[in-house]
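Since the structure comes first, as structure tokens, the remarks are kept for the end.
Note that the chains take the letters A, B, C and D in the order they are written out, and that residue 1 is the start of every chain.
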Amino acid sequence: MDMLYFASDYMEGAHPSILQKLQEQNFCHFPGYGTDPVTQSAASRIRNACHCPEAEIHFLEGGTQTNAVVIRALLRPYQGVLAAETGHVSTHEAGAIEFGGHKVLPLPQSQGKINASDLEAFMDAFHADDNHDHMVMPGMVYLSQPTEYGTLYSLPELSAIRRVCDRNRLFLYIDGARLAYALSSPQNDVTLPDLARLCDVFYIGGTKCGALLGEAVVVPKAGTIPHFFTIIKQMGALCAKGFVIAAQFDALFSNDLYLHIGDSAVRLAGRIQTGLSDLGIRLLFPTPTNQVFACLPDSLTARLREHCVLAFMEKADDTHTVMRFCTSWATEEAEVDRLLSMLEALLRDERLRAH
Amino acid sequence: MDMLYFASDYMEGAHPSILQKLQEQNFCHFPGYGTDPVTQSAASRIRNACHCPEAEIHFLEGGTQTNAVVIRALLRPYQGVLAAETGHVSTHEAGAIEFGGHKVLPLPQSQGKINASDLEAFMDAFHADDNHDHMVMPGMVYLSQPTEYGTLYSLPELSAIRRVCDRNRLFLYIDGARLAYALSSPQNDVTLPDLARLCDVFYIGGTKCGALLGEAVVVPKAGTIPHFFTIIKQMGALCAKGFVIAAQFDALFSNDLYLHIGDSAVRLAGRIQTGLSDLGIRLLFPTPTNQVFACLPDSLTARLREHCVLAFMEKADDTHTVMRFCTSWATEEAEVDRLLSMLEALLRDERLRAH
Amino acid sequence: MDMLYFASDYMEGAHPSILQKLQEQNFCHFPGYGTDPVTQSAASRIRNACHCPEAEIHFLEGGTQTNAVVIRALLRPYQGVLAAETGHVSTHEAGAIEFGGHKVLPLPQSQGKINASDLEAFMDAFHADDNHDHMVMPGMVYLSQPTEYGTLYSLPELSAIRRVCDRNRLFLYIDGARLAYALSSPQNDVTLPDLARLCDVFYIGGTKCGALLGEAVVVPKAGTIPHFFTIIKQMGALCAKGFVIAAQFDALFSNDLYLHIGDSAVRLAGRIQTGLSDLGIRLLFPTPTNQVFACLPDSLTARLREHCVLAFMEKADDTHTVMRFCTSWATEEAEVDRLLSMLEALLRDERLRAH
Amino acid sequence: MDMLYFASDYMEGAHPSILQKLQEQNFCHFPGYGTDPVTQSAASRIRNACHCPEAEIHFLEGGTQTNAVVIRALLRPYQGVLAAETGHVSTHEAGAIEFGGHKVLPLPQSQGKINASDLEAFMDAFHADDNHDHMVMPGMVYLSQPTEYGTLYSLPELSAIRRVCDRNRLFLYIDGARLAYALSSPQNDVTLPDLARLCDVFYIGGTKCGALLGEAVVVPKAGTIPHFFTIIKQMGALCAKGFVIAAQFDALFSNDLYLHIGDSAVRLAGRIQTGLSDLGIRLLFPTPTNQVFACLPDSLTARLREHCVLAFMEKADDTHTVMRFCTSWATEEAEVDRLLSMLEALLRDERLRAH
């Protein structure tokens, strides 16, 4: 029987319209480093989708790279970046931000999200501290939409965070590695134009949202980062064939593809959550996007992994582990059917053995 | 009339067999970060081509990134990298090596090449200097094959450099961004197995040699760089969909494609050189690979650029500039015909005007 | 009335025997950068005091600098340093460790101290995490003796931490900025030879312990850090006139001065603690060295500060702040008398007002 | 017979008035980190001496540290610092600037000096280069007064460099490690007020000019470097007992001491030069300050070093080496007498042997 794959949303190639676009332009000649018409076209489509005609758009290769480049470009040497203690930059980027010289200042989180009042409390304490000139000065807020736990910031929540940023001269930067899955969620009320209005910089994820690879950095106020091109080059993130990444976003932003590419993934993640609950498996908490977190007994996990690739999230207790089931734009209904049947069979078998 | 494109070898997409491979595997599911069977297959093909069954292979995204990652991974904090003063790391990487904390120690060059005796003289002077503990300690030699000036190191030249490295405990690292064009040159006598034997690390260029993007790092002695995976991640160079880059090298190393993908480019660059000479245009020097450097009068360059995209190399004098004509695996004979006709016409016109 | 000074232990010059030593050697000629006989003598005295004839000794200028230099020298790029979330490197060094490229990995603390079981739990969780190759790898443990909260690690506590380090291949580094006050504490059972036996590197504080400035780094196993001299230079921490710092340690390690220079400070800090308690002022917790932490009402603090310089530690609640009273080798009994009288008078006055 | 010491100007302690000042203030209590009245007084005296009442003054510990801190504080990440290829930052700081992430861009030099026209040519070539966005952008000029070769910039030379800086938006920073010896030179026409007028930042050397250690950074336009205090702290360069360094500058800037502390050193270096010439020893070139460079036969150097500590500069040829004789504020006439006699005797002896 074929393996099932629910470990992540970067297990397949690209949306067919992207491959077609790459095929069509394959023998065109373009100048390098994003000075080509494909890049112009893709940038223009993204500006339109964001209702932000002034925005600068830059195409980079991957998420950790993008975070490292943007954060370093925005901060001054004496500044750090505030992030949820579970934020990607805090945990799973192997110290990429610190390699660039900046401390990640951890904020408390709930379901992967920070909130405006904790942020404000942090800033108040910083300013009240007599020794703050000896401390890393917070220079920006990093958050991800959806978060690493599949949850979403609501528009009021983001707006409140923005207000604290304004009062404290903090940049607001949003990591949209999985942004398509937020935009496809029925629970989402934050649009691309909202992001362009609220953020100093954000990025629209490609790698996890149907591209072969690539992320689109949006700087709503052009000129926010002087010499950003050279900083990108210096950090090894400038793609010689910029048109290869741009073409993918050109396809993703044609016919509103990006706004709907996550629809089925979100719906199928919902089906998995219902299915797990029906089977008596505890969810860490329900999530509105494409990532599902379940507390599985380690014995079940071991057997499940013989047939299904899924991802470790964190230990729950001595005998349980939080595992992630992740759907993607490429996940098929039949795969979810098979997953749920398999789980049901394994659980039935476990119960029999227990007798 | 259509524009001509001779600015670089990264103006087109990918070799058709690469696009086909990406198409074929598009809906396969693969685990992330290079832990997939495509990566294994590509690595295995490269090991075979290098006659180096022990080698570690890593797939990165671009050349500047690869240089920054490898150099930082090999050096200790107190060490620097020796490179030709015209080396890519010395000039056109926007300080990527220094961003990682290491000095690029410039060596004199001729036609883009360093030589063993200058290297040895540098090391002797370093050791003879009473103050060398206050200086950056050379830790490795960086060179590129072919060089930024399209020239080639011969096997005796490389072997001599290796011997100086051995005597001075220097790593030898070769940047093969355009390696296919070296391997396709009739003047070349350095094979992939030679590189694997002589280098501590080298990389096989994809971006400029027929891939959409990507470079393959070869570490002949596995384990030379402990925790290289984490260093790659930390520097933002770990591709989530590693199989996207690996698939391209899998195609490039099937049926000896990589060994011959540069053949026509090298032949056509030869035709351009002959053509330019016939037209009385001075070459900077003849080159055996796919880059041609010509000293053009600025008036001619200005008119040529209306019809042909080519690249600035350096000012020659007040009225002349060294311009680069670059062919690629995708360059067609007819384009070279048109280029030479165009140059002839422009020169005729210039002469008429001069009367 | 003269101000009182209890803000820190670095408010005065140097122990008279240090000034005398500097005076005596003032017109001697010494070679630079620690290659002089004074440095040899001081190093030799420290080796003797540590019962560690093999140790390498290096003299640096200040504490933050020393932490940054040692931590960077010991770690590989992919590694971070484990430290109490209240550790000096975590909080009050303005991101010096991150500037050097390394993440400070925070551990929970109690009264400023970490413990072996939390450390072990952290390491177990790291190894159990499937994603640990994407995370910063812990490479060393940093702790301070006494801690930033004036508390002490006992010999069994340190030994237990050392065992966890051994099992996990972690370096152990101890920041001894105030080490003299530990060595003078009746509650202390950790000697210099114990530190030399348990640590990979530690430093003996001078700046806060009677020197004009300077810290002595002890590397018990010579050669632990290759090319440490050049790393020190590279980080701007190499003192041209090394003999100026060395001379101070030569004096401090003559006649056991360092072992007793903190005696009166520790005794007077004890008197302050008793006095505060007698006046009904709550201590954060009792401390066995030269730092006293008291929760003062903000109104009292404001009035006290008109006559006494003391240090902010942290907000306790909306109307109270934890303030630090710090004694030093130079603090006089009479100053403590005046402080306690002043507090008594202020409290009496507050109570009268309250009626 | 006692050794002679001409290796450097940092072989003795401090000017007696400095030791006296440290003695006098030894038991005063001062707040830390430069917030004390001694620091205010010293800063005020320096502002007066510079005719620059607005200047910010910061006291750091050493020269390499100061260069690293100032250069990093002034530059943006994509910028580098232009310096003579013989500049201290280019050669003898073990890569401290690169550790901070910035490239040192080498300029040609003559007798240790750069000039305005080479600088302008460099900037013109940079702007004319089509690829300059891929290159390190020059952000400042570093030079030293006097230079590492003991030579001096004249006021017209410095003014011309300043004009090129203005035209190219470059900061101008001057390393005054040995500034006292410039100010004491009869050939000098650049005053402290000139430096304050021409530089964005410069530093007044203490370590080599009569202090135990310490350098005074002058920022003529206050506010040029936001959050400089925190940057200094982050780079481990903030002295807890700031008053220890400040007191030394307070003494050096009392009664014009700094303006004359180098007088005898410069005069004695002149005597050495005359003496060497009289003995037929070739000078590298004559110098107007306290450093003398002579080409000595290696046999002579070997014998001289048995009795005299002097410094290696560079190899001249296979049998000769350029050695440095350095005087200081503490050098005595009799030492120069002995040096010249010794040289005469050794040369006579060599000549006898040659027969």
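Throughout what follows, a residue touches a chain if its C-beta (ideal position, glycine included) is under 8 Å from a C-beta of that chain, and two chains touch if they have at least 3 such contacts.
The model shown is predicted, which means the values in this text are computed figures rather than measured ones.
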Could you tell me which pair, A-B or A-C, is linked by more C-beta pairs in contact? A-B
Report back the single chain whose CA centre is most distant from the CA centre of subunit B. C
What is the distance, in whole Å, between the centres of subunit A and subunit D, each centre taken as the mean of its C-alpha atoms? 51
Cα centroid separation between subunit A and subunit C, in whole Å? 42
Centroid distance [mean C-alpha coordinates] between subunit B and subunit A, Å: 34
Please list all residues of subunit A that touch 2 or more other chains. 77-78, 93-95, 99, 101, 133-135, 230-231, 233-234
What does subunit C use to touch subunit D in their complex? 3, 5, 7-8, 10-14, 16, 19, 22-23, 25-32, 61-69, 93-96, 99, 207-208, 212-213, 230-231, 233-241, 244, 309, 330
Can you list the residues on subunit C that touch subunit B in the complex? 33, 72-73, 76-78, 101, 133-135, 137, 226-227, 229-231, 233-234
Could you pull out which subunit D residues touch subunit B in their complex? 77-78, 80, 91-95, 98-99, 101-104, 106, 125, 128-131, 133-136, 311-312, 314-315
